[in-house]
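Structure provided below as structure tokens; questions to follow.
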Amino acid sequence: MRLGDIIFICDVQNRRLTNGFKLTRVGVTGVMKPVKIKRPDGDNVLTCYIDIFVDLPSDQKGSHLSRNLEAVAEMVDESVARPVSGLEMLTAMICRTLLDRHEYASYAEVRATADYFSERSGPSGKVTLEPFKLISKATARRGNGMTKSIGVEVIGMTACPCAMETVKQTMGEEGYEPGDFPTISHNQRNVSSVLMEVPEEFDVEADDLISIVEDSFSSPTYELLKRGDEGRVVRKAHENPKFVEDVVRDILGRILARYQELPDDVLVTVRSESEESIHKHNAFAEMVTTLGELRSG
Amino acid sequence: MRLGDIIFICDVQNRRLTNGFKLTRVGVTGVMKPVKIKRPDGDNVLTCYIDIFVDLPSDQKGSHLSRNLEAVAEMVDESVARPVSGLEMLTAMICRTLLDRHEYASYAEVRATADYFSERSGPSGKVTLEPFKLISKATARRGNGMTKSIGVEVIGMTACPCAMETVKQTMGEEGYEPGDFPTISHNQRNVSSVLMEVPEEFDVEADDLISIVEDSFSSPTYELLKRGDEGRVVRKAHENPKFVEDVVRDILGRILARYQELPDDVLVTVRSESEESIHKHNAFAEMVTTLGELRSG
Amino acid sequence: MRLGDIIFICDVQNRRLTNGFKLTRVGVTGVMKPVKIKRPDGDNVLTCYIDIFVDLPSDQKGSHLSRNLEAVAEMVDESVARPVSGLEMLTAMICRTLLDRHEYASYAEVRATADYFSERSGPSGKVTLEPFKLISKATARRGNGMTKSIGVEVIGMTACPCAMETVKQTMGEEGYEPGDFPTISHNQRNVSSVLMEVPEEFDVEADDLISIVEDSFSSPTYELLKRGDEGRVVRKAHENPKFVEDVVRDILGRILARYQELPDDVLVTVRSESEESIHKHNAFAEMVTTLGELRSG
Amino acid sequence: MRLGDIIFICDVQNRRLTNGFKLTRVGVTGVMKPVKIKRPDGDNVLTCYIDIFVDLPSDQKGSHLSRNLEAVAEMVDESVARPVSGLEMLTAMICRTLLDRHEYASYAEVRATADYFSERSGPSGKVTLEPFKLISKATARRGNGMTKSIGVEVIGMTACPCAMETVKQTMGEEGYEPGDFPTISHNQRNVSSVLMEVPEEFDVEADDLISIVEDSFSSPTYELLKRGDEGRVVRKAHENPKFVEDVVRDILGRILARYQELPDDVLVTVRSESEESIHKHNAFAEMVTTLGELRSG
């Protein structure tokens, strides 16, 4: 550090206030960074969008926001040599650094999202590279541990069970024989997400969460569907008609089955939103809960 | 005007440049204003989002942007007493004012959009208030007249004819009898728009354009569908399976039929985008043309 | 109701589940409606964007979403004859109706936003119509009352106190005399919001909240600034340099002073985000608290 | 290819129409793909957002959209082994493939954007990784060559020359001595872009375009500014006050100087938009031109 630098230290942030208010979150939003993340099939550089906060005591004028950026920049630099093992590890590591650097803070919070690509086999086995979104959040309280969560946002397809039933009634009344083949309904693009706390000694893989969400749609969707595959996806969706409520519950059920070893206090948030094809608005379902509540449910 | 005001006139914009470049569009974007617009069933106050530009000669440093805001503010004030007859009249009137006020400009361009609500009768006659978007654009060249365009953006539903055909083949091979009742396919939310030039002595009603677009979907969509209505919309959509290409062409065909008296040089832009339910990306079709080309088509 | 309608009642939603999960929120998002709202200076038709949810017990397959749309449509129809007294009254009224209609629900939640325009006098008294956003949220628990909140989102301007200080140091070192006139700093567009619970017998006016937020910026901003007004706004902002932290605290202080009669358990959320001109990311501050906590400071 | 596949070929798209209309663009939008791109300092995997279109003759019902996805997927696969030399090469290569596969098409168009990171040295030499956006567009006409364009979108800072002048006048009137040190003004985040045609035998580097845009702001912006650097950026911006008009013209001037060897018919589009700190709307300037027009300017 050169002497000239010292002179320039801006200490407006450090000014003492006598009638200030404590603030819950002070920081920066929309920071973009490429981060190297370890994946089973080779390291991946993900473009991350990161929000970084600490709290602020009532007697301090401002938070030193540049420290947040330093914390991120160091993680990114480090990831080049040693890829982080997951987006939730990145947010957790930044959280820890924040409490080290903001000596006045008692709370730190970091949120990140990233586009992520993973191979999927379509109905007839053709492999395509599908886009997903990773979500992560970490919080830390000084002297009181840390929580970190990993999640995914997945696009899929829902076919409506109610309209299908209504159509079947109409067919019956008009003398049509619905038969075993699935009946028409409205179907649409659905965006579902799960965010799940990951306790210290445990591991939750984003890839597993993606599979859990995909399996809970009426059907997953694919970028490239040739020939009969398009028909097979349509048929599968109509053989598994689902409300957004069903999608959320099926995700919750699969999470219970998959993560039996995780403790009861693990927080889980599951959301499903359908861009209804027969309406101009969306259908939405959400569950905010703990594994314990689900188990006793 | 007080003397103090004159002193403050900022004439940086008026500075002469010797090696400047002419600029195509200089102005303001994202101006929000409530405008009173005349509708068949009573006046409507629409929240408008407006972009306002003029060109700039190579020897002038800056455009006087506050004049653009004055032009808008006056139209809005005037509309309280005398509602404008349409969004395209608003953009045209602002365009004319721009050339008056920017004495250095040879070109003016104004674009506006507005949320708009109109009543629709569902399949069983129940009336709902549906949201649409109005679009308008006006351009003026000094000493060379003006063009104004009116358009609409409408949300509807498309069912895919290709997947339906593929499913029928599968049914046949598996011994199912497709019968007369429509077969399953993928269907989805579709957003289609039309923007159409309106020559000076003619009239094009946004409400007519909305009907033209709605009639070109596999089915229009409704906010409130009770009981059998949901099934009726689904059935209608599957009895009219359409690609985005079909939607655009059907809109074009209806425009030709409806506006036979409009001259050949009228510009028409039609777009249709489906939020594919079986893909994570969208399907898109567009035609940029003139009525003359369509007629000789 | 015709007999044919009864036959078509789709009761898939009513199906009993034995191993379902309770869901926190099930409903519709993105419903758009024009609502007539009472204002001091005449009724205003606001375009509202509304999300409408109830909870769902574990043993019921689906929520009857069309009832949400009916609840909204009736409020809108009623508002034509009897304008609602505020956006928070609209969300509260829909909430109440939801619990009436979803007999299986124990919780209802409605959120709404709307563009809103209000006149403001610029530095030299010129009146302009400025855009704001109204925010509202209501929740109801069956047999346990209701909460309703009203809020606003306002765009303003912040000038940075830290950079100003740093620049002053540089000036001093280079032999410049900063003097009494404000020194350069970075300044930028800031978006701040406040959402405040409104207890049953009390009244909180959105217009007052807008003023509170505007007064807490370095300077409010205006659509139309002629001549010296632009300089006056710039000067005012630099005479009141503020971090996002300062904006949040000043809003909180003004709320305490203005609403002394409101009880301690009133929830308040205040946010301020600056689109930093010297960075590509934003600065952000937030306080989620109660009036009681603020008072005990 | 298995026999079963042939049966499933959906030929609805191939159906002949007698009264169809030609369509300008039919294809897919919002396709996301990670593409390996060659950079001076090592290969970069960029997340690309791609739109892919061909035209459609009047007598064919539909375009085979899956061919667009195949074209993209192959480029992506190939890029793993042989990184493409730039985003404009990617779009050009997909364009060429499109005309091969859509035998009925006479026109192909591909647009792509990608987040991109590049190191920048702040005022005191500290290196940060800054986010930029790459833009590309390619079009091809059968038997008539191809055009490809490369562009960038860069975030920077503008300080207003007009408000600065107005403030100086006020200072003078009030007896302040403005002196040599820059006077306060409003400054704000600015987003500027340039898109430039790249003729066949020439090369235009995105990194050069980024530098050209950055040099044309009042000041570039940085993620991490410690101590005096914040003051230095603020000072630099106020020593180079610029309208959006100035930014566009300075970019144009630098392009002329930098690309003297490029032919006259090269298309150039330059845009600059300032998120005005003293207004709620944006200021905007644009030039759509050719190098020839600029040279004769």
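Points worth noting:
Letters A, B, C and D name the chains as they come in the text, with residue numbers starting at 1 for each one.
Basically, a residue touches a chain if its C-beta (ideal position, glycine included) is under 8 Å from a C-beta of that chain, and two chains touch if they have at least 3 such contacts.
Small disclaimer: the values here were computed from a predicted structure and weren't measured.
Looking at the partners of chain B and chain C together, the chains they share are A, D. Note: the chain lying farthest from chain D is C, by mean C-alpha position. The mean-CA centres of chain C and chain D are about 35 angstrom from one another, to the nearest whole unit.
Once the centre of each chain is set as its mean CA position, chain B and chain D turn out to be 25 Å apart. For chain A, residues touching at least two other chains, in rising order: 7-8, 10, 31-32, 69, 131, 162-163, 166, 169-170, 223, 225, 227-228, 230-231, 279-281. If touching chains are joined by edges, the resulting network of the protein chains shown connects every chain directly with every other. Remark: chain D residues 7-8, 10-13, 19-32, 51, 53, 56, 58, 61-63, 65, 69, 161-163, 165-166, 169-170, 173, 243-246, 248-249, 252-253, 273, 279-289, 294, 297 touch chain B in the complex. In the complex of the two chains, the chain A residues touching chain D come out as 4-5, 7-10, 31-34, 44-45, 47, 66, 69-70, 73, 76, 115, 117, 124, 128-129, 131, 223-228, 230-231. If you check the complex, the residues on chain C that touch chain D are 130-131, 155, 157, 160, 162-163, 166-167, 169-171, 176-177, 179-189, 219, 221-223, 225, 227-228, 230-235, 237-238, 275-281.
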